[in-house]
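Note that the chains take the letters A, B, C, D, E and F in the order they are written out, and that residue 1 is the start of every chain.
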Amino acid sequence: MSDATLLDADAIATLEGVTTATLTTILLKKGLRNIWFRGAMPLRNGQERVVGPAFTFRFVPAREDLATPASWSSPISTRAAIEAMPEGAFAVIDAMGVPDAGVFGDILCARMIRRKAAGLVTDGVIRDLSGVLDTGLPVWCRGASAPPSVAGLTFVGWQETIGCGGVCVIPGDTIVADRDGAVVIPAAFLGEVLEEAVEQERMEGWIVSEVERGEKLPGLYPMNEETKARYQAWKDEQG
Amino acid sequence: MSDATLLDADAIATLEGVTTATLTTILLKKGLRNIWFRGAMPLRNGQERVVGPAFTFRFVPAREDLATPASWSSPISTRAAIEAMPEGAFAVIDAMGVPDAGVFGDILCARMIRRKAAGLVTDGVIRDLSGVLDTGLPVWCRGASAPPSVAGLTFVGWQETIGCGGVCVIPGDTIVADRDGAVVIPAAFLGEVLEEAVEQERMEGWIVSEVERGEKLPGLYPMNEETKARYQAWKDEQG
Amino acid sequence: MSDATLLDADAIATLEGVTTATLTTILLKKGLRNIWFRGAMPLRNGQERVVGPAFTFRFVPAREDLATPASWSSPISTRAAIEAMPEGAFAVIDAMGVPDAGVFGDILCARMIRRKAAGLVTDGVIRDLSGVLDTGLPVWCRGASAPPSVAGLTFVGWQETIGCGGVCVIPGDTIVADRDGAVVIPAAFLGEVLEEAVEQERMEGWIVSEVERGEKLPGLYPMNEETKARYQAWKDEQG
Amino acid sequence: MSDATLLDADAIATLEGVTTATLTTILLKKGLRNIWFRGAMPLRNGQERVVGPAFTFRFVPAREDLATPASWSSPISTRAAIEAMPEGAFAVIDAMGVPDAGVFGDILCARMIRRKAAGLVTDGVIRDLSGVLDTGLPVWCRGASAPPSVAGLTFVGWQETIGCGGVCVIPGDTIVADRDGAVVIPAAFLGEVLEEAVEQERMEGWIVSEVERGEKLPGLYPMNEETKARYQAWKDEQG
Amino acid sequence: MSDATLLDADAIATLEGVTTATLTTILLKKGLRNIWFRGAMPLRNGQERVVGPAFTFRFVPAREDLATPASWSSPISTRAAIEAMPEGAFAVIDAMGVPDAGVFGDILCARMIRRKAAGLVTDGVIRDLSGVLDTGLPVWCRGASAPPSVAGLTFVGWQETIGCGGVCVIPGDTIVADRDGAVVIPAAFLGEVLEEAVEQERMEGWIVSEVERGEKLPGLYPMNEETKARYQAWKDEQG
Amino acid sequence: MSDATLLDADAIATLEGVTTATLTTILLKKGLRNIWFRGAMPLRNGQERVVGPAFTFRFVPAREDLATPASWSSPISTRAAIEAMPEGAFAVIDAMGVPDAGVFGDILCARMIRRKAAGLVTDGVIRDLSGVLDTGLPVWCRGASAPPSVAGLTFVGWQETIGCGGVCVIPGDTIVADRDGAVVIPAAFLGEVLEEAVEQERMEGWIVSEVERGEKLPGLYPMNEETKARYQAWKDEQG
């Protein structure tokens, strides 16, 4: 399963045209069923699709002697982690699903925009909802809350293997997120996925147009032999 | 409790003017407390009310040897079930509350629109959110996810008695859904409900107008004898 | 911890300019971590901030011999409680988190508007969503459902100490609610909070503008000595 | 529904011979479905049945300025409440289902034994498990935890109407608890329940003996006319 | 995946010597991860292992017009289903995880013993705990409750494909249950599992004895080449 | 908060005489409310108290390409971690609360006994319940399940800061576990806790004896001035 495919600009452009629904179908056929982040939905209505390499953050539950406003100045802080993010990175934050302590607010999200982060996905919540929306950062999360992260969480490090929304993420895996939520493409699968994704999208688009023309589902989706021939003919026509 | 009332065009037109809130009040007075689908809320902002007879689908948890893309071609498939739906039917889908496997996506919803389905209610989630909204199918559900149904569910049949969102549904029961969610009217209660619903709505509308005029709640809602007389007088006036 | 500060018009005007995120930070520094109502989010998109003194309502689980439509006429009813609310009060309703029985619908909310209530926060749900939105009452809750309160809840009294969304509320505590949800300011802390809140907001606004100018986070947020001096200079300039 | 029946020594002796399973069946037939305390199971293996009038305690969530060890000396404390319990009372404690703060430990349970309390039921947990078992107090709860009540709860009063484990309890209602958990008999239903319970137990005992003799279930349970006659004959024989 | 292997007396005897832990390991290697019933644990301390073919029961949520004591006499009743069970069958009951309505009590369990049922597994609870233990029926469930099934559930049929504890079960699949809970062996996998199970148990027993002798884990479990040779030698010795 | 106190043999002997209930009370007075592992209860009835320094293990959710039986031979494996445990260490395992994948079975627990581990605490479950009990290893967990860890979890490392049961644990913190569950004493608090614990236990023991003599709670627990004097006299007598 070694795969030297890089998430370069071409790969990103390709994945921006592939729905997360299609990606989960492709990966399921390869045996990966657990790649969609539970509870992480787009914060903004009509959010566009975003793609980037995972840059991970890890929180653990708060303990009063560790999780204090003073800890925000520690060298191991979310601030330091953000400064370590390369351009285009997709922040993936393990908040252990905590619903009542916002991992980031408007100030940190504003800084991520300045550092050209691709987006942010977490199984927790953000805070300063209005301010975060104003920054323009694309965010997938469980919602918003007023309390700061230190009310329930302690930050422990970045760029480790983490669990987020019930999914395992290794730094450098590819994250794709759209209106159906966010998925991880493990690094070793990126090449195969890129090859199959475009054809899958094209085929599903053709099927929708057939349904709109009045075709019945059995034999069409999935395609039987006759439909496959008809689809092939359409593709040949398109050139 | 035999009740020969049919859900014909007149009954549908009547119920389109009755809120699900009013329906739960009426059925509660008849001893039915458990008729609202937990977790099934409208997918679209400002969704209009929809009415139709229940057409049931049943899923069980996935087992890897059964829940495969290959199963989509089986004679017992969601595709075959959709082709069996009569015009005007309201799909009710028992997804056992699973939040991370979309029961239907844009292709199946597009086909349901072509077959003139009234709507879809499930205690699970849909996928291809953008595509599903584009089809125009009215949907009540727990939200959206990217993974397909086979990632977590196996389809086992249609038109059986099912549980959905903690509610028992028998094929042919009436489903009414609006911005407060979806309710089932058991077949044996349809006639009585139709009789009482219109008067209940009229009365609640009059009470709201009284509150807006500045009336206090005690004596008004519920009505005491004096208020009842005043309401009767208003009704007599309206003719 | 005696504090004679009153929630007068000036205090309300001040708090209308302070986010709940800032309030949780200030109270956290004073040792209060548990003041944000879990599950109570704004019913309306873009809801403005609302401030008022808590007026509490308490429900317990339904028992069929107690929770009947007949109970709505009891002298201990939500109707009587609403009539007891002073102008400007913020209704706080302990619904024990029940998600499938709406505590109030359009009629009761319309009456609260007539009585000039500031708003309503509950760990339960409302019903008659369209009607409630039409009344204009600002509401923070877990969502909507069709069934009435008596389907799952029995009202037992008002102006008691309650738990709501995992938070303790004493009548007369101050409630502030905005797009990040709702928080309680215990009465004994109001004076201190008012003093610190405005400066905190001013400082955070200055930090956001610094981030937008391209400043890095470490040393800026939280501020080191050099940044503090720069911020002081800016404040002196503003006069 | 006025019912002057008192829970005197005779009534207690009768109920000590009736299972909670039988009591829920009898009350269900009278329309009461919600009388079993969710999550409150016997702490001790093989716990005997216990009966007594409900004496209620109410907790709300902790707030750091209120829930302190100092509060244990307040006049409104669990200690004062225990001293107010009459002999034979059954403590019913609304702990809002909190699983990680023990409402009572060995000292308070030892005092309840001295004051001849009948037992204790809560939707929360106890602490000092070994010590509590040593006191001999019969307890129904969700389990044990080490932290004290003030770690998560604030005590607010006693002998109020409360919710506990999803059930409404009014001081003076009858509590019966055994290996299947605990149930409340509303005061107004006590007389009827006493009348029917003994006959119901006798009948179920006879049915079990019939099953052991090899009788099939249909026609036996529930009984058809032929079986009823046979049962009547057996009762006549017994005299 | 056709597999003609039958669950005959030899197969049962073999499986009685194989832990459910071993079975899940074997099936995992074949790609089946979802075969263990969540929430169904042995009711009795030290319960022996039990094996039998699945005989399924299906409940849906209660609706007040259907779930009545009268329904117990319906031809579609749990009583009729029990009379249809062949000797040695293992009852698998889909109770949709409902924790507060006991699916079966002492009378039905006593009848199952008379009909020589192997055991009972459910994702719900039983009632009449003392009585059920007295019958001697081996039960795996979520616990006990006092209320009868009709308080929360309606029985709809038997010998259908069901979901139970998050697992898909088809009538005739093999059920094995012990102190680690219960698992399903899909019919098509029975032959392969029987072949591999005995060798797996033998190997794990030898590894435990090696650990007790002081061997380190790496190289031992899983075995490296040297350990495999040593194990083979031991097996050859045993003959 | 620097504290050079070591968990030496004397400290362990002292803590073996202090209940976790007392430890949570002492730490609460120092501001630490979140130190009890949610869901981790003793596996064995009547389990004795166990004390040791935390040795942490971290799992993340399974991903099919990572969580395989083959991974058990990886250099980063639970096997390698166990071999790295010093004598007397207390394994603390972050299983993210997963209830259906056993982190360790009998083989690994047998090896931990050989390596003289003090005990094991996890927010997940174990497997091979019978075998684990046979090893004699003291275990605190959420229960048992048949499936192996790879069915739901991937092991990622040891001796990191982790979250477990909602509690933050740093390697070297002290773990104390008894019948009320398990607590962590942060390293910086160990010295203070040792000083206060013995006196606290002595005082609570004296109070229990006073209650047994018939003393009322108010004034006794907590002690007023008169009681304090009486207690001091008793202590002076004891010498």
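Here, contacts are C-beta pairs under 8 Å (C-beta built on N, C-alpha and C of every residue); 3 or more make two chains touch, one makes a residue touch a chain.
Predicted model only: the values in this text are computed from it and were never measured.
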Going chain by chain, each one touching the next, work out the least steps from chain C to chain E. 2
Which neighbours does chain A have in common with chain C? B
Could you report, rounded to a multiple of 5°, the rotation needed to superpose chain E's C-alpha atoms on chain F? 120
Given that chain D and chain F are copies of one sequence and touch, is their interface built from the same residue numbers on both sides (over half shared) or different ones? different
Go ahead and note the Å separation of the Cα centroids belonging to chain B and chain D. 38
Centroid spacing, where centroids are CA-atom means, of chain B and chain C in whole angstrom: 32
List, in ascending order, every residue of chain D touching at least 2 other chains. 31, 33, 35, 166
Which chains touch, pair by pair? A-B, A-C, A-F, B-C, B-E, C-D, D-E, D-F, E-F
Hey, which residues of chain A end up touching chain B in the complex? 19-21, 23-25, 28-29, 33, 35-36, 38, 41, 166, 178-181, 183, 204, 207-208, 211-212, 214, 216-218, 221-222, 224
Can you list the chain D residues touching chain F in their complex? 69, 72-73, 77, 79-80, 82-83, 99-100, 102, 105-108, 110-111, 114, 127-131, 143-148, 150-152
Contact footprint of chain D on chain C as seen in their complex: 1, 31-35, 59-67, 96, 154, 156-157, 160-163, 166-168, 186, 188-189
